[in-house]
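One structure, pasted below without further comment.
By written order: A, B and C. Residues from 1 in each chain.
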Amino acid sequence: MSNAEMLIPQVGIVTDIRQDTPDVKTFRVNALEGGKLFEHMPGQCAMVSIPGVGEGMFSITSSPTNREFMEFSIKKCGCLTTFLHQIEVGQKVCVRGPLGKHFPVESEFKGKDLVIIGGGIGIAPVRSVINYCIDNREDYGTIDVVYGARTSKDLVDYREMIEEWSNVPGVNVHITIDIEEEGWDGHVGFVPNYVKELNFSTDKTVVMCGPPIMIKFTLAGLLELGFDKTQVYTTMELRMKCGIGKCGRCNIGDKYVCVDGPVFRFDELDELPDEY
Amino acid sequence: MQRIVDKINELFANGTVDRVLGWKVGEFSYDRTPYVFTKEGGLDGFAYDSFCANNLSKYLIAESRKEGKVLVLLKPCDTYSYNQLVAENRIKTENVYTVSIPCKGKVDVEKLKAMGMTGITDIVENGEELTVTTLYGDEKVNRCDVLCEKCLACQKTAKECDEAIEGEAYEKPHKDRFATVEELEAMSPEERFAFWRKELSKCIRCNACRNVCPACSYIKCVFDNDNSGIASKANTDEFQENMFHIIRAFHVAGRCTDCGECSRVCPQGIPLHLLNRKFIKEINELYGEYQAGDNTESRGPLTSFTKEDCEPSIVYEKGGK
Amino acid sequence: MLKISMENIDKLYAAIKESRDLFLPIESAGQVQFAEYTDDAVVRLDVLKTVKSAKDAFFPQSEDLMEFKVCGKEIDVIPPSGDMKEFVIMGVKACDAKSFEILDRVYLKEPIDSYYALRREKGLVVVQACGRPEESCFCNVFGIDATAPVGDVVTYLVDGTLYWDAQTEKGKELTEKIASVFDNADANDDAKVEASKAETKAIMEKLPFANLDLSRFNGENMMEIFKDERWNELYKACLGCGTCTFVCPTCQCYDIKDYDTGHGIKRFRCWDSCMYSDFTMMAHGNNRNSQMERFRQRFMHKLVYYPSNNEGIYSCVGCGRCVNKCPISMNIVKVIKTMGVTDNE
């Protein structure tokens, strides 16, 4: 595919907007003629833009097994995302993708027990993995989802986790919030500690995404439990413009997050400068 | 230079200062890089000569916020920039030890190159004469013919510093700093516009003029701020080419000390100092002679109000000056 | 080989202009840049270095990518027409010519950048051997021969005569079209050109940076160089301006921005500089917060990261523009000299 096609977006239409938390909305996007704009794999991203406002890289939250639409869970934090939070159903958006490498769901993950850890909006990129594995249930072992947020209101996809994921055989959902609150009878505590408490057996493969501080301490906890860095995957986020390895800003050492990532295994990151 | 070195070593030894903001020798006999020398590291590579044109005062915004006391070497023109920065509360003066040093004007190597002296391997100064050794032969030039633009009209004498190192008497060049401004004023609007279009169309928006400017000391410039609505990295059209520099000139008006660094660093040789000098000339005419950075107390004419202030539009409508 | 006297050189320009756009080093307001040739242009083939490099021809400082019509919730994308007139860029020196190869490795790598590819396809490069290298030149360090630049046509400017030697099919095709303006060069001319080349080569050997040692940048010690304490010394005076980036023939980073023209939205790209504080700025933070990190990125990219992805080829051609233009005289030569040796050497 040439860059003209890669830099020139397709136009999609927002067909549903769901308010997940006070600052996260999930946008459903369809091609104008219905269906999806393009196919992707779990962990891949797309550049979403509103001309005149901006363009940004977002992970595709929906699973490729969803044949009808794509979803993006987007937290309001900058110019473009603030604008997106004001749009209504029927708004056209520009999308280009799929961009980047996906999680190795078809190779390394196959047949493995998976632990999928998310913190805050960090659930967005791994939600695709969870749904993909649930939809191809026989290809994977047990799936443990550990998800934490500051408060119960900040839990993205909470309803889906409780109503759908927990009911799938072999799928366990562990939810935690940072501080106690009234009416919450679930676990309270930070994700890294919770992961240690859950004391997963070290033959599992781990996928995690969340704020840098959560990643740092969760990784340390996993290593303490006896996990190896080659078993732990994450997905990175850096400033991107082109999304195709040309514009030169999302590099970590000699790797570009947009084409060599965003999915990395921790042993790969070890060989790179810690500029992320 | 030896007297400067001796003074620094004395101040290092008696514990007055911990660091020195000066210039370091480079790869050629003419390239000098601003550098912070430390007591521990010593003055290895220190230089002060005809090629130390950089105004060091702006570095003090960061340097004065570090632990310990930093000595700064200020040429006469730089003392004005220093004062202006102090007046604007940008420097923590308690951490700074100022030393004024003599200056006979700095040599602009670009001028040598423009005269055809390329492949320069050495430049030796002998009084008012420079011997330039190049890969293609030696040449001699008069020092006064190759001074930096900013030095040609410099009439500044050093402002008060913690310490002053005097130099030998030196007759400054007598170029009237407003001469070119007056030439531009005498042009028809069309000619003047054509002049500036030709100059400003060379701009590559590298921001060197802004980043070197002691008056552009803001933490975040609007042109860098994505949320400002006017952020821009490239000149998308002629209007932007013009406006970036005009807005910048407006922004530093009344605060610009005419240090001339903007023009000196411009990779495209745009005479940006002329915009600033136009403002200085106007201010002088409308509010009386004013030199930014003359002291650290007075407020500039554009930031203070008196009932006697003229109303520029009215003055010009009446045909007055 | 063909030749034309510099006295008649306008005839050559006019002949090329008949079928193509022509870009030449042209002087305007005291500076020489590659610009489109017009009848009143002051062409300066004798000038060694234009301020900006020749990369604008294929990777312009700013370039429209597409347009959008936005109306309420509706968005229409108007892709570029893809039309472009063939053009000739003439007077390109060996260093800049080599930089095209370095840019090709980024922009013509899959997925191909079609904007760049279109310009490469439509553009014909007439290179010119250097006659008077400067103290800041160090192309030979990167294996470039200033007297044997690579292009569609090689030219030599010797004693008021321009010698013209087509190299590629593209070059030969153009030469046939404009053959009438040339005379044939003879053995005597060949000797003149050879003598001039030898003269330049002798100077090249005497250049101050001729023996710059790149051996530490061997692709095996990325982390060691990255963590080197001496970056903290080198970056200190850096103003964070983009001069080095914008005069550099190999700097390839760009930004994509939208511009409201009043009649629609134009999406364009423009050169960007990793020296700028907002280069990696995101809504929630910046992974290169200090000028040291940004400074280090620029040189790591040229000397370590790019070679690591491109078979050891450095992203520098030794044109020396940054050496000439940096407001504080910090440049890749000083970085190579400082970082190129380890403490125990």
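We adopt the following convention: a residue touches a chain if its C-beta (ideal position, glycine included) is under 8 Å from a C-beta of that chain, and two chains touch if they have at least 3 such contacts.
Worth saying up front: this structure is predicted, and the values here are computed from it rather than measured.
> Name the chain with the Cα centroid closest to the overall protein Cα centroid.
C
> Determine, using the mean of C-alpha atoms as each chain's centre, which chain is farthest from subunit B.
The most distant chain relative to subunit B turns out to be A.
> Mind checking the centre-to-centre distance between subunit A and subunit B? Centres are C-alpha means, answer in whole Å.
That pair's centroid distance is 51 Å.
> Can you work out the whole-Å distance between the CA centroids of subunit B and subunit C?
Those two chain centres are 30 Å apart.
> Indicate the whole-number Å distance between the mean C-alpha point of subunit A and the mean C-alpha point of subunit C.
That gives a centre separation of 40 Å.
> At least two partner chains per residue is the criterion; list those residues in subunit B.
226
> Tell me, which residues of subunit C touch at least two other chains?
Where subunit C meets two or more other chains at a single residue, that happens at 255, 272, 281.
> What are the residues of subunit A that contact at least two other chains?
Only 79 qualify.
> Give every residue of subunit C touching subunit B within the complex, in rising order.
Against subunit B, subunit C makes touches at 28-31, 33, 48, 51-52, 61-62, 132-135, 203, 206-209, 236-237, 239-243, 245-247, 255, 257, 259, 268, 270-273, 276-278, 281, 323, 325, 327-330, 333-334, 337.
> In the complex of these two chains, what residues of subunit B are touching subunit C?
26-28, 31-36, 54, 59, 114, 118-121, 134-136, 198-199, 201-202, 204-208, 210-212, 220, 224-226, 231-236, 264-265, 267-270
> Under the definition above, what is the set of subunit A residues touching subunit C in their complex?
1-11, 50-55, 77-79, 81, 87-88, 90-94, 237-239, 241-242, 244-251, 253-254, 271, 273, 275-276
> If you look only at subunit C, which of its residues touch subunit A in the complex?
Listed in rising order, the residues of subunit C that touch subunit A are 65-66, 68, 70, 73-77, 79-80, 82, 106-107, 109, 111-117, 222-223, 226-227, 252-256, 258, 260, 265, 267, 269, 272, 274, 279-284, 287-288, 293, 297, 300-301, 304-306, 308-309.
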